[in-house]
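In this document, chain identifiers A, B, C and D correspond to the written order of the chains, with residue numbering beginning at 1 in each.
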Amino acid sequence: MSAALHLVAERHAEPVASETEGPPRWYLLLSAASRAHAALSVQTVVQAHGVEIAGLQCYTDPASGWHHCRSEIDDPRSRLSAEDLHRTLAPLAVQAPLRVQVGASHERKRVVVLVSKADHCLRELLQRRHDGELAIDIACVISNHEDLGPLALAHGVPFHHVPMAGSDAGGNGRTSAFERVFELFEQYRGDVMVLARFMQILPPAFCARAAGRILNVHHSLLPAFSGARAYHQAWQQGVKWIGATCHYVTAELDQGPIIDQDARRIDHAQSVDDLVRAGRDLERRVLVAGLRAHVEDRVVVCGQRTVIFDR
Amino acid sequence: MSAALHLVAERHAEPVASETEGPPRWYLLLSAASRAHAALSVQTVVQAHGVEIAGLQCYTDPASGWHHCRSEIDDPRSRLSAEDLHRTLAPLAVQAPLRVQVGASHERKRVVVLVSKADHCLRELLQRRHDGELAIDIACVISNHEDLGPLALAHGVPFHHVPMAGSDAGGNGRTSAFERVFELFEQYRGDVMVLARFMQILPPAFCARAAGRILNVHHSLLPAFSGARAYHQAWQQGVKWIGATCHYVTAELDQGPIIDQDARRIDHAQSVDDLVRAGRDLERRVLVAGLRAHVEDRVVVCGQRTVIFDR
Amino acid sequence: MSAALHLVAERHAEPVASETEGPPRWYLLLSAASRAHAALSVQTVVQAHGVEIAGLQCYTDPASGWHHCRSEIDDPRSRLSAEDLHRTLAPLAVQAPLRVQVGASHERKRVVVLVSKADHCLRELLQRRHDGELAIDIACVISNHEDLGPLALAHGVPFHHVPMAGSDAGGNGRTSAFERVFELFEQYRGDVMVLARFMQILPPAFCARAAGRILNVHHSLLPAFSGARAYHQAWQQGVKWIGATCHYVTAELDQGPIIDQDARRIDHAQSVDDLVRAGRDLERRVLVAGLRAHVEDRVVVCGQRTVIFDR
Amino acid sequence: MSAALHLVAERHAEPVASETEGPPRWYLLLSAASRAHAALSVQTVVQAHGVEIAGLQCYTDPASGWHHCRSEIDDPRSRLSAEDLHRTLAPLAVQAPLRVQVGASHERKRVVVLVSKADHCLRELLQRRHDGELAIDIACVISNHEDLGPLALAHGVPFHHVPMAGSDAGGNGRTSAFERVFELFEQYRGDVMVLARFMQILPPAFCARAAGRILNVHHSLLPAFSGARAYHQAWQQGVKWIGATCHYVTAELDQGPIIDQDARRIDHAQSVDDLVRAGRDLERRVLVAGLRAHVEDRVVVCGQRTVIFDR
């Protein structure tokens, strides 16, 4: 590991075009086994803190009967903290099943990006953040190759090279490499890990440790064409549409809950290389859309499905 | 079979909005093992008949190396027949591998439609034909149920009820039912058979007899979600896009070469019934687009893939 | 007027596929000059009637500063009426500017459809209602031509022929024809009037009387190509996209607030007739989408703009 | 002018991902007053040079009756030159009206890019060229501001700053500035000039000199919202779709023949800034698509309309 390239740049004061304005807005994601309990929870917050509900979206999952709702809470006098909200809701979670997630417009999530050699997804994240279209902090970039180090550094983002044995090699080297990745994730206080065309399969234990906090972008409309050669398979099958998928990573390869997908028409004249090229645009878009939904606390995982609340 | 409902209406003189105008235009689809041979074939037709090439599209399949081209041939003095073209090209097919398909703007294909109970696809075909947007003759409608008889008759199309045992039943009744279907197809001089949400699996022998002449519309973006409950599966997987596929029928269920697909975004709030409803529009569209490509002689099957030439 | 064709069918008990289920849900659209007043209004309803907020969407118009919100209110014990809600909110409307609109999931809006000769939009409304995809009652169809009478009657909808002088004629006959239309609208207790490719210009006084209750579908992406020959203009300009618009009718021709638009790519090879045909699908879609938003109380007009809340 | 910044970098040997492969392919665009004359012209080329037609697309403009066709000509022995083709066709142009345009797969067009301060369109061109998705040479970048110099240079492209008086100022300074632009265009042997969000109005004489060789990207679906504040206008009108247009520049502002357009749905909640951001993606896409059609010799201007042949 000592040979690894670790590039830690002076962090730029990154210009961000559209800073969040106005008073803090809290996002409260509640999942309850009954609808009445969810409603009571929201009401309790309103009364306890004298805040205003600026938006409320609800969804009852027909399969489980669970009720999910996302409320936007304005706090004009800036008196609330996430701890306050959790404390207020704690007794309710004792009474009956209740899952609580709290986010805020003024607290950016810290993103750790894992890449291999392809640069288009990383480039997109850096550019969207720079243009103020994605309110995240990119904490660091980690790669099993050295190629994208200069790109990260050019944007003032620390870069860590963590060499890995091939995905089929396995063994101790591989395990300790992923331990190193997790150390970095914690060291940089990462909130979410993004596999931006990272061409390694994560060990199950790793997936379990960061469950619900790892996003992957896959180059097909899953569940079709999982695995590494999705565009080749799509070409051989002669499909007329290709797609890309942003999903949570679970121990089962390419099977985690889907957050976003995008798709486009193709025709027979397009070669596999053409599909790869056209697909890059789709991959960029679903990654940005999926990550945006996640960092804006608009996603609830509900078994194999996700509820994506509107902005 | 004696109990079957056979409704044969006086055929309307169906008003067709946009009749093909101008002199006859021939469509010549040539597939050759070498490009030079395809070019020679086109040139031979031009010289033998003194006709004009109004359009030419070519595609070389990188997998097989075969060369496919579609030429549009104008015949201002209306002297050509399909037989002339076949006769002119016959010697070339002896010299080297050459597949020839001939169509014409003034010869409508005769379509036999198979349906069960769902009416939206049949309705779409009848409406598009009526509006002059689909240049076909609907020779007859065949169904394993009686429900859609009145709809066919209201549009002046003969209707035949051919009862069938359930798809899992099999047995002689089922075989003879499909023999009856094939008899009707031949009796009505059908060029192409369309399964417009026909909920029966065709026997392999039947598929083989009409290979390349049976189109199906399936309610998913194949190869994902083959089989009967595609929208249920899509809902359970939590996909964010659904689709529909028009494909040629082969003995392998839902695996034949894809002609056209269409797709649309959905969200978590849509129930299975909502997907069924939204999907109907996709099914209508891919069926019309796929059938149009087929009847306009714009499709070449190339292994598992199809080449779809532009209009 | 005595010569006019008035066809009043026995009303079918129209089968509706997806009846609204569950307890009544109220839709409360509030527009207030301040956000605090809107919030107070919602809170007042909750406390006065002990109801549950199932959804809340808010929008502050940056131009006027007005605050619009739509709340969905569940009334599990079915005790509320629209009058109750208006009565509860009346004192608040005295205190400060407040606009209130109340709808309910169990009260279908009554739609009066005006048509000329083109049938595609009317056909779409009848079909969508039949398929349970549009929760409306079609109270009657009125036309300046007799052509679409049989279509309306075949669906059990009363039809009234009201002859009109050409749009350039004007004069008393024209005025009294529109008086007759308004009488019919009131006689049938219409909630909303839909111009479904109705080729007459409404008199300003007529527009004023039914302001906010008349929807038109126009065959372009307004503000481009207003007037009668939109597809011709689009063709001549050589645009690469065409569209359709559903908007509220005001005295200024094709200038009222836009509710919905849809658009699609075209190419040079498409003739004006092709655009007309492709445009029909767009017209159908925007009409259904716009009308659905209106009858579900999801539209707030805000000057020239509309706020369209999500379902 | 002496104060202007002129940055001329050592030109990189720019890596191009997908080099054109195989033998040279010629593109022959012919426009003739009669169809027979166009056909004769193509035939003459085939016979004179013993070449093969690999593709042929034709379009007869119903307004003018002119016949346009694009043929792709394969020259396996690499013996043809553009001059040969022009020489062969010259006698035919004497006999009857005939317009000839010749391009080739192995001759990249040289593009001169004009920019102001916004970087997204220039960045897109540089990136697409780099990724091998756009077969052009970027000869130089010219700007009325200095801001984008470093970006051009970072990609090995010469940059020239040509200061200009504001568009409303006019006067001699402005005229001579555009003379300088034209000099640079000629000095760099530019084939086509691209206004990539260049915020100056070109003088009519300038437009005339480079007629058919200047492409602009405008931030609306023209003819709607011409002029500088297109997104503001769109927002105020409350449209539900926005778009962007790539068109040839003529003396009439934003009125030249449209090459490509793209569009997307928006909603009321998007601010003007949101439209600006969403619009950037549309602008990038139409610029690349329009420029690609132009440099691949697939565009014929036909009055106010363009014929865009397929690839």
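Following the convention adopted for this analysis, contacts are C-beta pairs under 8 Å (C-beta built on N, C-alpha and C of every residue); 3 or more make two chains touch, one makes a residue touch a chain.
It should be emphasised that the depicted structure is a prediction, and the values quoted were computed from it without experimental measurement.
Trainee: Out of B-C and C-D, which chain pair has the most contact pairs?
Mentor: C-D
Trainee: Counting only C-alpha atoms to place each centre, which chain is farthest from chain D?
Mentor: Farthest chain from chain D, going by C-alpha centroids: C.
Trainee: Would you kindly tell me how far, in whole Å, the mean C-alpha position of chain C lies from that of chain B?
Mentor: Computed from C-alpha means, the inter-chain centre distance equals 39 Å.
Trainee: Please tell me the distance, in whole Å, between the geometric centres of chain C and chain D computed from their C-alpha atoms.
Mentor: So the centroids are 43 Å from each other.
Trainee: What positions in chain D touch 2 or more of the other chains?
Mentor: Within chain D, residues 269 contact more than one other chain.
Trainee: Can you name the residues of chain C that touch chain A in the complex?
Mentor: Contacts found on chain C: 39, 52-58, 310.
Trainee: What residues on chain D touch chain A, complex-wise?
Mentor: The touching residues are 18, 131, 133, 269, 273, 277, 311.
Trainee: State the interface residues of chain D toward chain C in the complex, per the touch definition above.
Mentor: Contacts found on chain D: 59, 62-63, 221-224, 235-241, 243, 257-263, 265, 267-269, 271, 302-308.
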